[in-house]
Each structure stands twice: as structure tokens, then as C-alpha cells.
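Note that the chains take the letters A, B, C, D and E in the order they are written out, and that residue 1 is the start of every chain.
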Amino acid sequence: MTNLLILQGLNGLQFGVLLFLVAAGLTLIFGVMDVINLAHGAQYMVGAYLAAAFTGLAGNFLLGLVLAVPVALAFGLVLEWLVIRRLYDRSHLDQVLVTFGLMLMLNEGVRILWGSAPISVDLPEALSGSIPVWGTLRYPVYRLAILGAGLGVALGLWWMIHRTRLGMLLRAGASNRAMVSALGTDINRLFLLVFGAGAMLAGFAGAMMVPVISAEPDMGDTVLILTFVVIVIGGIGSIRGAFVAALLVGLVDTLGRSFGPILLRSLMEPDMASQTGRTLAPMLIYILMAAILAVRPAGLFPVQR
Amino acid sequence: EGVKVGVMMTLSGSAAVLGEQGRDGFLLALEEMGGKLGGLESEVIVVDDELKPDVAVNRARELVESHKVDVVVGAMYSNVQMAITGPLTEAGVFVLSPNPGPSALAGAGCNPNFFAVSYQNDQPDEVVGAYVSGKAARTFLIAPNYQAGKDHLTGFKRTYTGEVADELYVPLDQMDYSAELAQIAAAAPDAVYAFMPGGLGVNFVRQYRQAGLETIPFYSTFTVDEVTLPAQKKDAVGFHSGGDWAPDLDTERNRAFVAAFEAKYDRVPASYAAHAYDAAYLLDSAIRAVGGNLADKDALRAALKAADFDSVRGEFSFGANHFPLQDFYVTRVAERADGKFQTQIVEKVLEKPVDAYAAECPMK
Amino acid sequence: MILLRLQGIFAGYGGSQVLSGIDVSIAAGEAVALLGRNGMGKTTTVRAIFGLIRPTSGRIEVAGRDMTGAPPFAVARAGLGLVPEGRQIFPTLSVRENLIATARPGGPWDLAKVVALFPRLAERRGHLGSQLSGGEQQMLAIGRALMTNPRLLVLDEATEGLAPLIRAEIWDCLARLRAEGMAILVIDKNIAALSRLVDRHLVIERGRIVWQGDSADLAADPKIRERFLHV
Amino acid sequence: MRLSDRAMLVTFAVLLPMPALFSAMGEPFLTVVLTRALIFAIAALSLDLILGFGAMVSFGHAAYLGIGAYAAGILAANGVTGLEVQLPVALAAAGAFALVTGAISLRTRGVHFIMITLAFGQMAYFLMSSLSAYGGDDGMALAGRSTLFGADPFGSSLRFFYVTLALLAGIWALLRAVTRSRFGRVLTGTRENETRMQAIGFSPFGYRLTAYAISGMIASVAGVLLANHAAFVSPSYMGWARSGEMIAMVVLGGMGTLTGPVLGAIAFILSEEALARLTTHWRLPFGAAVVLAVLFTRGGLLGALRGRR
Amino acid sequence: MTPALSVRGLTKSFDALKVSDGISFDVAWGELHAIIGPNGAGKTTLIHQLSGSLAPDAGRILLGGHDITRLSMAARARRGLARSFQITSILAGLTALENVALAVQARSGSSFRFLRQVARESALNDQAAEALAAAGLAGAEDRSAGTLSHGEKRQLEIAIALAMQPKVLLLDEPLAGTGHRESAALLDLIAGLKGRLSIVLIEHDMEAVFALADRISVLVYGRLIATGTPDAIRADAQVRAAYLGDEEGA
């Protein structure tokens, strides 16, 4: 039982870290630049497809990953240049609609290019297998690699936003673009790069996941909602908040699903318990979000404005 | 005056793979027949139900009211089937299902104008349940948390005589199953039974392999089939499934079908394509039998019921409730010489079973 | 050398034209006041200079280079610093970050000198911009512009909401800056203080420069003050 | 008369003879499609009351559509087909759900409000998905069309169309009155500047909650209609994507006006239907259309109309 | 007679920063009480606490003898406490008249009325128009408030406050950003209100303060260091050192 608990804890953390990887890019775009980007999930999907396609060409996942990331970046840059830059002065609702349209287009575009069937990629040889974690307990190496990548991105991003001038300019530009420009910074180029970076992070997350979950159309949609949940629970614009919230959501979801029924069974009859469990499980994170927002309307770590 | 056929499949969204198989199977048959059905010129209207029942009902009504179709071949998913069958049959249209065979339409709610060219939904699971009974004493069950998931596991449990180690329901949109796999590992069952259709199956099977659980025998329905195999590849080899058909089913008709399908679409057909292909020939036979007189619905119904066509599945006939009487097999995934993957028949498990609901159907 | 030259600038918002042919030139080291009643186009002139709105016609030169239609950051990099109307400090940045985020080294001004000028900012160093009082925000806006080490400092109502003591300090500071050779374009209500600082006054009325002269002229001509400024 | 009102009267005048026109064209089915658009117009109108006039962007509004649909579906399954029972039950259920979730949601603002309404919408969705007795995820066919004191208002597609049109007109007139009343002015004032409203002595919460409940109740009427239109109820009416589509209708049409949502809903449904007939890849051109429409019009369709004058 | 407004031991800190440090003072009926002090002294924070948008850590606020410390902003407004904002706060999408009519509506009858058209309620409109005219905005009734010039918005703020018919009016730097002519008009308006209601005025324009105030309190970093008549304050050496300096005191 303790072994299972530890294992599920690790699984929850890993799910949380994955959510954070996707949410990280969105924190830049939504939290810092204040653009609601519903196409972010689709960019995650594009990353997965790119990695799958390049792996197919190169015959090696790591090479595929290395090729996919810059292309995801380029893709983000083009998207910003074509569409997103016209949205900075628009209302949140206009942003929602335009990026919703983009999301539809990307999902459909992927289907036209690669078809509806899932595409998968083999685990890289070096990262397959598992290592001992605790006693007899073992954990897959690749999932530990995902954990590591997520932690690295979290630290790097936090440092970038809070400790560099680039981060300051970004936060400044989010609230007043014209003023940043009037003080001598090319804010358009800065936003272009940041959006590109956000897209790259989303693509990186998708690429990292493709050996575990296969690339398929619409795969970004659920992740998208979850990442918005994460960002809002954490406090919009807060890297630390997003990280904590991602882990929280990952743990609550994973542990709730595996231990919730056991808990319920001790409270009520087995039939009733499994029925209730099935009803509650998919709602868990929404209940979590509603509860957190009801108590802390601006999230766990609100950024003061 | 020709015959108008509506083909309603899920053709958009991630669930479209199944619908594309169904559509392609039907169109292949039609092409083989030179665009004619039972000697009549045919007009085929392909519509997408988007896997949304309300959208599907509208498209169905449009097929009736605008296009005045005689027959609809569709749908791919049970919920859509349940939504469209009523409105269509009330309007006097015949509905041929290439995949779903919901229990509600097999029992008391059976419908004179509805024909399942596939199977009753529970049957593939009953087949696997019966097969696993002799092989594993404790089996772990997993399915997505929706109505069909519950139904399929119920079907399995109906014939499975061993002990159920545990039963897990996962969200439909979940992609990472590490937590479930950990639970399976902890339970250490003798076998796993999964109903994880489409993309769910792709991820589940690959992660099952990655987690090193392949020592636990894997049985399933709709989880490893020709739709998912191109993505699962080697990871699914040796995994079991159950059904009424496999590409290697040894009938002449089937060999021809598989060869023609692969030649035309460059992929291995799945059962969805095979059923839709059969539906086209069934329709052809019935129209021919009534001499092209589509107005005589009773005659057409009788002709459909007679199922006087050469099925890819070999012997094929309809029971009183318009559900098939046919053989069922357990299959196993194998890699072919050309590097493609397909399911192959391991053994015939049930011979022309009558589905569990047929007795409640008032039709004789 | 002429640092800034506006020739026949026409500009406005949407359909409405606010500036109808503004001509201004400011030489290096010169201090100029822009006077006018509410809504006459002072701020709009500043916006046009900085490329924050695009003139419909006319020409803007900074240090001899054509800057018409240039983006704001290019104008700023050419040596112009802005203290905007309404402060416009960055609310989510701390006081320190507000100062250093857009700073450009290469001149006399750095963090140490700015906080020496406004000790209050040093006390509030870690606070967010949004948490400052109105007057503190004004200090921050001035400090932020100085940190870009401009050759021409543009101040739009920079003493609004400041306590009398601080206001006096700012005027002293501007006088010092001027003495050190920085050019200044200043918009303010306080004509007495302006007159002590600047070489030249420009009076703007309905988008046109209607009067120019030095402080002595302005002092000598109560009609001007009455007619255009309602003093 | 305001442009918005004039545009609405023109719209009604154009809609009125449509069924006759469609049958003359030999395409009577288009009446059915148009009816569906009008049902969504009612839903979009209801959403606009809180979104356009109250700045409350609900991302869970489809839940009310579902509540209405299930009220009709569940009652019909138990043999109660009278609208005289179904409608009050739908309104009461929607009102109760709105009061409870609204009271919690209205503690938040802006994006947080969007997300917490999404959360409640999803909870309602999953709750209905788990109702095995009523079809669970698969939904269920409507056991019988709704009646009204024994009459059959939805009996033919023609009657259905005019009943829907009449309801739409009635709800439009009702909302027009509400938005111009004392209550409506407080609501718009709160949209503009909540602190200012508090400073002059209004406590916005009660007004916002009332508007939220009215909006949810009206949406449930659309839900009852939708159930009858599709002859089917399903949790898929309640998912977040559907809520998003409703927001799109309002914003594309022009929020904060009562004509905009109606035009937006009609345009949205009709272009979706038209594109879906052309290609299964209709989402690509549809997405592009949405992107271009928002980028190149401000204030939605009605805004474009206004700009052209 | 009980004072119109009395403040007792008001205390408020932001983390380590004490912005209100045991502030006590009274405002008599009809009095104009000015509060001056250096930037960041805590004047705006004081107004926030009086109006109810910020809760004090300790202390009490009495309006006409009734304790209102715990009441919400709206409840205080309904009891006769009105404020203007240092940063203009109006309903930009509504017309000037609607802005003011809402203030009238707030104190006259229920607003849970759903069907009658509010624009036709002449009682609201007449009172609103009157307040607009009093604030010098006659003729601007139908202009959208967002398109008013900065000075006109300040006048609108005053009109809204007037329409509330408050007993106590809190004004936070009403003259900031207004031109010479507009400030002159505003000064006249405020002078005309004196005696009819009690006013707390915060302003850095010393000319205005000394011309209008009956009494002046000086707030320096959270503490009231002096209260007195304008002449007494002008002469106070401590005040000159902390705030006035020499520039404009004269």
C-alpha cells in the first residue's frame, strides 16, 4: 500500500510537471503578455506531430526532438506575425474568439496533413527501462526525464521573469506597451520573441510526451483546459503559482482517482461507492478549482496589479 | 428513378478514423458494383455526424426531408445510432448499422426497419469473457468512464467465470495511464481485460508495454484493431481481441475484399470497413430481390432480412431482431511479412450465438 | 544644433483633428515651455513627437534625422525621455524594477542618483508601482525618464499631485539639469516656476502655436495670459 | 428608433416568410435548420444579458441549455409531456442552479469568473453523463414531443418554426425592457465601473446574481426547445465547447446589443451548416472565417452594420 | 452637537509600513476640513478607510454619531457619505446624465424594477440635470461620459457626488489636472457647497486649500501633527518644514 502510494505520488507529480510544461508557455503568453490564447493546446499538438514526423525522418527520437523544437518556435513566430500581434489591443473576448478560430484551423490542418489516426514514436533506447526508487519500487527513466525537464523549465522561467531585465520589460509591456516603447524598447520584437518562446515551450511539451502518448488531432483540447485551470488556480501570471497548482492538480487527480474509490468504499456500500466514484472522478479538478476560487478569488499566489 | 443512400459516419474530430474506414468500405463495394445497387443507379450522400447526437439527428432529418433517401448506412457510435434510428425509421427509412448494435435496439426496442450488419454490442466481450474464463482466475478490467464502457465490461462479466480483481473507469479524454498501470501492477492479476477504443487504446497499449506489464496476458475488444495498430505497431503484438471478423478470415470473399481495400487505400481494413462493405452488398441483394421497387417497404424489409448475399464473414443471417447470427473468434495481433500489423484469428469461440436480448424482441 | 524639429504637424484621434500645423524647434540645451488651456493639444503634441500617434501630415526630425512615422522606441533611442501625463508607471513592477527596466546607461543618471533625488523612492524600493501614492508615482515617472539619460527631457504635467516641497525640489533639479546641458520641453500649470526655468514659452490654442516669447515677454503681457491661459 | 431595434425588426420581417420561401425553393428542410439557429439565438440572447450588459463572461452557460433539455427529457421519460409542467420545472431548476453557482462564482471577476463558471458547467456536464437511468453519456431519445395543454406546438416543422420565432420575439422584447429598466441601468453601470457603483450606494452582488439567474432561466427555455428539435437529449449539449460557441455567437454578432446575439447565432449556425455540407474539413474554413471576422470587424456584425452607415 | 464625521484612533498598516497611526479628528456640520501632507503621508489611504473601500486595522469611524466602521462602501453611501476619486472614476459607457441619474436612483426607491423604462422617469432625470448644471456641465447631458475632457470628467465626479445629496463629501485632489479656468469654476462650486454639507478635502494646491478650508489637519507619515485654522497652519514651523516649504506657502 505505501509502495503504491509512493508510486502514485510520483505519477501525480509527473502528470503535474507535464501540465506545468504546457502551462509554462501559457503563463508567458496569458499570464505575462495578457493574451488569452486558446490555440496553445493546438501548439502543444503541433509539437507532438513535429516530433513524430521528424523522428520518422531521422529515425531517432532525440534527433526528432531537437529538430521539432526550433520548428515549433518558428511556427510560433509566424503565428504571432500573422495574427497574434493584431490582438494585443483587443479585448479578452476578441482574443478568445480569434484563437478559438486558430485552434479549429490547426486541429483540422493537422488532420489534413497527417490524417485522423494516432501516430506514435518509440521510446529512445537510452531512456527506456526503469530504475529503482525506493526499496523494490522502480520508476521508468523516461518519466523521470520528463520530471527533470519540467523542473528545469520552471526554474529557468522563474529566473527569466523575475531576475532578468527581459522579464521586467515583459511584465511592464503587459500592462502598458506604449510606455515601454516610448522609453526606448522595441516592444513588438520583444512580444514576438516571447510568443515564440511560449509556442516553443508548448511544442516542447508535446514533443516530450509523444513517446508516451501518441500524437492525434484534438489532443491539445483537454490539455488546454487543464492548463488554464492550472494557471488560474495558481494565480494568473505567477510562475510559482502555476508550478504549485500544476503539481496540486496532478496529485489530486491521480491520487483521487486511484484512492478515492478505496476511501469511498470505507464510507458507503461498494456499489454506491463505485457509482459515486465514477461520478466524482472526472469532476475532481473542477471541484478543486471552484473550491480554491471560492475561497481565494484570485488564485493561490495572486500577482498584484 | 435510382436509389438514394445516406452514409452517416463520424468524419471529423479525433474519432474520424473509424468513420473513414466505414465510408471507404461502403464506397469500395459500390465502386465494385459500378455505382449500381441492385441494378438501380445509386446516389450516395455522405454526411458527418461530428459524433454529436443532436447534430446527427439534424443531418438525419435532412437526409430524409431534403434528399429523400431510402436507406441510411450508419452510424459509427452507439450514442449517435440511438439518436438517429428513431427519427429515420419513423420516416420509413431503412437503417443499416455498420458498427453499433446497442442493446436497446436488440431487445424490447427492436425495430423492423433497423438492421445491425455488425453484431450486438455485448457479443465481442462475451466471446472474450468466455475465452478468458478457462485461462485466467483473476482478471483486472478497465474501460473508459462512459455508458459504452460500462456496457462492454458488463458483457465481459456475463460470460467470465473467474474473479474480477478490480474494475477501473478512466476519463474519456485521458491520455496518460501511469496511475492505472501502477494499480494493475499492484493487483498482479492473471490477465487484463480492456475496452479502450481508438486513441485510448493506442496510448494504453503502448504504456502497458512501457511499464513492463506484458507478462500479464492482455485481452480486449476494440482496443487493438486495424485502426489502432498502425500507431501501436510492435507494442500490440501478441495482444488479444475478440470479434466476428479479422482480415485473415479465410473466405474467398474476404481475401478479395482485403486485397481490394489495401490496393485502393493502402491500409489494412478494420471490421468497420468490412461491415460497411457487407452492408452495401446486403442492400444490393435486397434491391435486386424486389426488382428495384423501393416503394414496397415490406418486400424490401423481407429481402434485407433474408440476407441473401455473399458476406466477407462467410455464413451470415439475421435473427428475429435483425441482429446477425454469425461466428465469433478470438484474435491476436501479428506483424505481417510486409511490416504491417493486423489481427489474426486464434480460434473460433462461439458458433452463431443468439444475443442476450433477442428474446425480448417482439418481432418474429 | 537643433535637437527636435516639428514642421507643420497635423494629427488627431480617429475622425477628430487636434493639431493643425504645429511648428516647434528645440536646440540642444534649450528649455522650452508649452502652455495652453485644458484640451488644446499639449499632450497630443507630445504623443506626436514620440510617435505614439501618427501625424496625418508634417515632418518630425530628431537631431537632424527624419523621424516621421518612426516607432516610439526609435524616437526614445534618438535621445528623448518622456514623463507622460498621468504617470503611467508600470504597476506590476517594483519601484526598483520600474527604474532599471528601461534604463539606458551612458549618461550621468543611474539608480543611485535618482534615489538621491527622491529619497522616498529608496524607502519604497521593493513596493510595486501600483502600491505607491499618487505623488510617489509621479516621482517614479520622473526618475524613470532620467534613467534613460536623454538629451531632451519631455515633462507633461510632471508636478501634478506633488507636495509643495517636492515640487520646489523638482524645479531646482530641472534647473540643474538645464545647467548641465540637458534640453527640456515642459508642460505645467505653474507659470511662475516655468518662467524661472525656461528660455522660451510656446502657447498652444486649438492645435496651433499662437504665441511665442521669453519669460519677460510673457510677464510683460497680461493680455496673453488672460486670453490664452485664463490666468 | 435605435439602429439595433431597427435591425431587429428587419430581421423579424425577413424571418417571417422564410418557411414559405424555402418550400417554394423546394428546400423545406432549411426551415428546420433555421429553427435550430433561432433556438441558439434565444440562448445567445440570454447569455448576452450577463455578458454584454453585465460583463460576466460565463463559460458554463451551456449547462442551462442542458438543464432545460433534461427537464424536458426526464419528464417526458416519466410520461409528463406538457410544457405547462416542463417549462416551470426547467425554469426552477435553472434558476436554482444559477443562484447556487452564481453566488459562489460572483465572488470572482474577469478571467477567474470565466474559469469558475467553466468549472460549474463541467460539473453539471459530468453529473448528467453519469445519470445511467437517463442514458448517461449516450443521452436518450426524447420519449415524446412536448405538448401544451394537449395541443401539439412542435408537431410540424412549420409550427415549430413559428413557435420558436414567437418565443424569440417575446424574449427579445422582455430583455429589451429589462435592459432599459432601473435594474438594467444598474447592471450596465456595474459593467462599466463596479467601484463607482458601490461609491454611489449600490451593492452590485444582488443585481448581478439576479441577472445571472434570469439569464440561466432563459437559456433553459432554449434547452427545452433544443430537446424537442433534436428529439434527443445528451450531455454533449452541456460541454465547454458548446459554451464557447455561445460566447462566439454573442461576440460575433455584437455584444451588449440585443440584436447582435440573434444575428450572431443565425450567422454562426448557418455558416457551420453550409460549410459542413461542402467538406468534412469544414473546421478549417470556419476557423478562418471566425479569425477574419473578428480581426476585421469591431463590435461584431452589428458593429459592422453601424460602421457602414 | 455631535460632529458630522468623527474619526477615532484609526490605524492601518501595509506590512511594516504604518500609513494611519492612530488618527483622530472631527468634522463639524457644514465645515470644510482640509487634510494636507507630503506625498505618501496616507491621505488617500485615509479616504479609502472613511469611504469603506479599505478596512482599518483598528479605530472607529462615526457618521453623525453612528458607528459605520463595519459597513460596506455602498451602505455608507446610502447613509450620506459620498466621495470623489483621486483618479477619475466614472461610468464611461453611459451618458453624463445617466451617470448622475444612477446616483439619484440609488437613494430613491428600489432598483429591482424590471419593466418600466428608466429613461422615462422624469423625477430621476430632473434631479440629475440639476446636479449637472450645478457642477457646470449643463448641455453635456447626452454626451458619453468617456468622451468628456479631463476637466469635464472632474466636474462630472462632483455632479455625481452632489446628486447623492450627501451629508459628508470626501474630495481627493479634485483640482489635480484641471486648468486655471476649470479650477476656478470648481473652487466656486466647492465654496458654494460650504455650509450646506461637511467636506473633507485633500489637495496639494495650497492656494485653494487656504482659500476654502475652515480648518486644516496636517498628516505626516500616518500621524496628524497639527490641526488648526489656515492662518495657524501657515504659521506652523513644523508644517512648513515637513510640507509647505517656501515655494507657494505665501
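Quick note on the criterion: a contact is a pair of C-beta atoms (placed from the backbone, for glycine too) under 8 Å apart; a residue touches a chain by one contact, two chains touch by 3 or more.
Everything quoted here is computed from the prediction, not taken from an experiment.
Contact with both chain B and chain D is made by A. Considering the contact criterion stated above, the chains in touch with chain A and with chain B alike are D.
Between A-D and C-E, more C-beta contact pairs are found at A-D. Look at the CA centroids: the one farthest from the centroid of chain E belongs to B.
Distance between chain centres (mean CA atoms), chain C to chain D: 51 Å.
A straight line joining the Cα centres of chain A and chain E is 48 Å long.
One finds 30 Å separating the Cα centroids of chain C and chain E. Remark: chain D and chain E have CA centroids separated by 43 Å (rounded to whole angstrom). Looking at chain B, residues 12, 16 sit in touch with two or more other chains. Looking at chain A, residues 108, 111, 221, 278, 282 sit in touch with two or more other chains. Residue positions 131 of chain C are each in touch with at least two other chains.
Every pair of chains meeting the touch criterion is listed here: A-B, A-C, A-D, B-D, C-E, D-E. Chain D makes touch with chain A in their complex at residues 57, 104, 107-112, 115-116, 118-120, 122-123, 126-127, 129-130, 240-241, 244, 247-248, 251-252, 255, 281, 283-284, 286-291, 294-295. Note for the complex: chain E touches chain C at residues 14, 37-41, 43-45, 86-87, 149-151, 173, 176-182, 184, 204, 206, 242-249. Contacts from chain A toward chain D in the complex involve residues 36, 83, 86, 90, 92-94, 96-98, 100-105, 107-109, 111-112, 221, 225, 228-229, 232, 236, 275, 278-279, 282-283, 286-287, 289-290, 293-294, 297-299.
Those residues of chain B whose C-beta lies close enough to touch chain A in the complex are 12-17, 20, 145, 167, 169-171, 173, 175-176, 178-180, 182-183, 186, 198-199, 202-203, 206-207, 210-212, 227-228, 230-233, 235.
Looking at the complex, you find that chain C touches chain A at residues 50-52, 71-73, 75-77, 81-82, 84, 88, 90-93, 97-98, 100-102, 104, 128, 130-131, 144-145, 148.
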